[in-house]
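Below are two complexes that have chain A in common, paired first with chain B and then with chain C.
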Partner chain A sequence: MYRYDEFDQAIVDARVAEFRDQVARRLNNEISEEAFKPLRLMNGIYLQLHAYMLRVAIPYGTLDSRQLHMLAHIARRYDRGYGHFTTRQNIQYNWMKLEEMPDLLADLASVEMHAFQTSGNCIRNISSDQFAAAAADEIADPRPYAELLRQWSTLHPEFSFLPRKFKIAVTGSAIDRAAIQLHDIGLQLVHGPDGAIGLKVLVGGGMGRTPLLAHVIREFLPVADYLSYMEAILRVYNRHGRRDNIYKARIKILVNDLGAAEFARQVEEEWAALKPLGLDPPPSELARIAAHFAAPALDADAPVDIDLSNAEFADWVAVNTHPHKVPGHAIVTISLKAPGEIPGDASADQMDLIADLAQAHAQDEIRVTHAQNLVLPHVRRDALFTIWQALKGAGLATANLDRASDIISCPGLDYCTLANARSIPIAQKLAVRLAPQEADLGELKIKISGCINGCGHHHAGHIGILGVDRKGEENYQLLLGGSGAEDASLARILGPGFDENGIVTAVEKVIGRYQTLRAGPDERFLDTYRRVGAEPFKEAVYG
Partner chain B sequence: MAESTLFRLRADPQDSSWAQGDPAVPLADLAAGGTAVRLEPGDDARALIPHLASLRRIDISFPKFREGRGFSSARILREAGFAGEIRAVGVLYVDQLAFLVRAGFDAVLPETLFDPAVARATLARFPHVYMKAADSARPVWLLREERALAARP
Partner chain C sequence: MPRLLTGNRVETGDVIWWTGDGWSQHLKEAVAVDDGGEALIAQFSPQERINDLALIDADATDAGWRPRTTRERVRAVGPSVRPDFALPSLPVDAI
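Here is the complex of A and B:
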């Protein structure tokens, strides 16, 4: 885990003082709501349908138990006893009072946390692989590279008023758990010709109104040139990205309009100007950061075989744990998707419990996943039963990871001012209906957005659902065939939309047809869809 | 908009080459001469590079809040070695002052007057910066490196 030094702490403390001052000026009416809006947005504070909403940054989705306890405290003290984990590995609180916000930010700062740039047209929270430092398939822990980016992008003087928001993901593995092809910039750690680690650079992916997959603009970027190259990409975007139309302002539109080759050429040209300016920190800085992420001392002789005679426990182990790179250990995913509950929500008590488990059994680390679940990354297999029992007692032992009821959903019209339709009730209904058969269905990723902005990643869903407004009525479009993983693809609309009950029935028909078409128990829905195409599903739904 | 609303981000320059009153001409008219020019957001700052030696002031326009191209323009001009005055003109808020300083601006002519006390407090707010830019502030990675070197026996 990265720990702040006095420089990091001083910057975060100054931010709290600045916002305290800004809120005081607002409450005294020295500044109008119009002038205040950009200031609160830079601190992650939105005015939603019913109240202020605060989005707290969880850099690359990594927390320690002290921080998760603080998130629980904030839920109790300032909200209604719960928080909502987001698809950007952050947490949102939905019932905030503006006058309490400075104290809240001070509480966060006391555990080295903040809400910097969780909103606004700037570089947002850097996301990463939730299995970092635990998965056997990575070449290195991506988080030091993400932390270096976090620092570089914090209060960047040139890139705080970009054409639009800007999202970067970093992964250390060819198995993509961070959806790097669907980010403004996706970075993958790779070995160069001489064996040194560098970065493969992808640009121009994204979802929203115009979903596009990213293009590789550089196969290998030496680490020594990392930040100056990022500056070059951001400068080309800041200068030439469209500002006349909010829906065409993301970098993906610029990359698409110029063509990836021309965009890459412009970046290289800009980089040639920037590289000699000494913008890149010395290697000692990355080494300093990386030292904070030193691998935990795990016992490689820990027993691999554990008692799986309890069938429910055995099922949970099979579904919600992954192999760890150290023998005798596992990566545990705690599902926040109990069917019927709100996807991604956790109560303060649940957060406290998970923090305690992390401290006792998981090297004091917790990760947030972009699928809105939590992860204990370093767990001895012989502690799994104890953990499972504790989770079960708190309603957290749902064995549904990557299955039909593990649904990603945005907050939708229940909370969000941008939404056209509710998402949460659709997720709840689908989860309840599909849970009984999900074990048979295997991996099936359903993702729901309540508007075209796509915070629920519907374009990356094996089955995606998009809520729209049709003449004042909520209407739901059905999309099939998306993936946010290393086999990334964009889901396509199947046909005309449905009302709230109709969309649930339509998904059930799609799944029913899949079961008749499936080549075998190992063929996922996505594989079947790719093999047979949309027609059979169209016929099942509309035929 | 009176000249008196100009807010200086640095101490008043002693250098007489700084021309407060020179009228700024649009980029397109620069060929006809002039010592001050006004860059609009869509103008290419690099088009000024051949003219920098004859320019004493460059005004960079921010016609609306959220317009961020001027930050790149200023930095590009500083990177090209321009040592005259760079002035931000338009819809700018006091809370953007630190960004303006770091991007290389010397002065701001805001549409709405700043409260000088708030402006001073804002400029003094952040004790450290994370990245190099067009000002003289040294990023924390440099401070950390110096500290590590000093700690070596």
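Here is the complex of A and C:
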């Protein structure tokens, strides 16, 4: 885990003090809402349908138990006892009071956390692979590179007012758990011809109104140079990205308009001018950061075989754990998707429990996934039963990872001012309906957004649902064939939309047709869709 | 159609409704402002104590006001998925 140095802490403490003053002046009416709104947004505070919402940054989705306990404390002390983990690996609180915000941010700062750059047209929280440093398939831990990006992008004066928000994801594996092809910049650690580690650079991906997959603009970038290269990309975007039309302002539009080759040429040209200026940190600085992420001392002689005679436990182990790179260990995904519950929500008590389990059994680490679940990355297999029992007692032992009821859902119109339709009730209904058959269905990723902005990643869903407003009524479009993984693709709309009950029925019809078309038990829904195309599903849904 | 004046309290973000002589969190206490709405917004805006002042359309029903849009019904009651937080403005299932 990275620990703040005196500069990090000073920056965060200064921001809390500054914001305390700004809030006091707003509450005394010394500054207008028009002047104050951008200041609160820079501190992650939105005004939503029912109250203020605070979005707290969780850098690359990594927490320790002390921080998760603090998030539980905030839920209890300042909110209504729960928080919502998001598709950006952050957490949102829905019932904030502006007058209490300075004290809350001071509490956050005491555990090296903050909320700035979780809003606004700046570089947002850097996201990463939730299995970092644990997965056997990774080249190296991506988080030191993400951490350096965090430091570089924090309050970067040149990039605080970009044409639009900017999202970066970093992964260390060819198995893409960070959706790098759907980010403004995606970085993947790769080996170069001489075996050295470098980065593959992808630019211009994204979802929202104009979904596009990213283009590779560099197959191999030496790690020693990557910061200046990032600076060059941002400079080209900052210079040429459109500011006249919010819907055309993301970097994906610029890359698409210029063409990836021309965009890459301009980046290389900018980089050639920037690189000699010495922006890249010395290797010792990256080494200093990397030292914070040293692999935990795990016992490679820990037993691999464990008692799986309890069928429910054995099912959970099979579905919700992954092999760890160290024998005798596992990566545990804790589902926040019990059917009928709100995807991504966790109560303060649940957060405290998971923090305690992490401290006792998982090297004091917790990860947040972009699929709105939590992960204990380093667990001895002989501790799994103890963990499962504790989770089960708290309603957290649902064995549904990547299955039909493990649904991504944005807050939708139940909370969000931007939403056109509710997302959560659709997720709840689908999860309850599909859970009984999900073991047979295998991997099936359903993703729901309540508006075109796509926070619920509907374009990356094997089955995607988009809520829209149709003459004042909630209406839901059905999309099929998306993926945010290494086989990334964009889901396409199947046909006319449905009301709340109709969309649930339509999804069931799609799944029913899949079961008749499936080539075998190992063929995923996505594979079947890619093999047979949309027509059979269209026929099943619309007749 | 009746129009109601609504906004969010600066200090807390709470949804509030104009009652004729003050503000209430409860939709049932709202009064129709109709043609006087714009004047009220002009009156309250400079005071800067209420954010996002807006006029919304609502129907008068036997059970009280029913905002026309799902969005405003959700604002009035609370998240439809958290009935434990619901304000007694409308039945949650009326959203």
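Definition applied: the second predicted complex is superposed on the first by the 543 of 543 C-alpha atoms of A that agree within 3 Å, B and C clash if a C-alpha of one lies under 4 Å from a C-alpha of the other, contacts with A are read in each partner's own complex, and residues count from 1 in each chain.
As a working rule, a residue touches a chain if its C-beta (ideal position, glycine included) is under 8 Å from a C-beta of that chain, and two chains touch if they have at least 3 such contacts.
In this text the structure is predicted, and so the values were computed from the model without any measurement.
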For A:Ser335, decide between first (touching chain B), second (touching chain C), both and neither.
-> neither
Counting only touches as set out at the top, which of chain B and chain C does A:Phe161 meet: first, second, both, neither?
-> first
Between chain B and chain C, pick out the one touching the greater number of residues of chain A.
-> B
First, second, both or neither for A:Gly472, with chain B first and chain C second | second
Can you pull the chain A residues that chain B and chain C both touch?
-> none
Listed in rising order, chain B residues that touch chain A in their complex are 41, 65-69, 71-72, 75, 79, 93, 95, 98-103, 118, 121-122, 125-134, 139-145, 148
What residues on chain A touch chain C, complex-wise?
-> 26-27, 29, 32-33, 47-52, 80, 94, 96-99, 342, 413-415, 419, 421-422, 424-425, 428, 472-474
Residue ranges of chain A in contact with chain B within the complex = 5, 7-8, 10-11, 14-15, 17-18, 21-22, 25, 35, 38-39, 121, 151-152, 154-163, 227, 235, 238-239, 243, 273-274, 277-279, 281-282, 284-285, 288
Residues of chain C touching chain A in their complex?
-> 8, 10-15, 47-49, 51-52, 68-71, 74-75, 78-82, 85
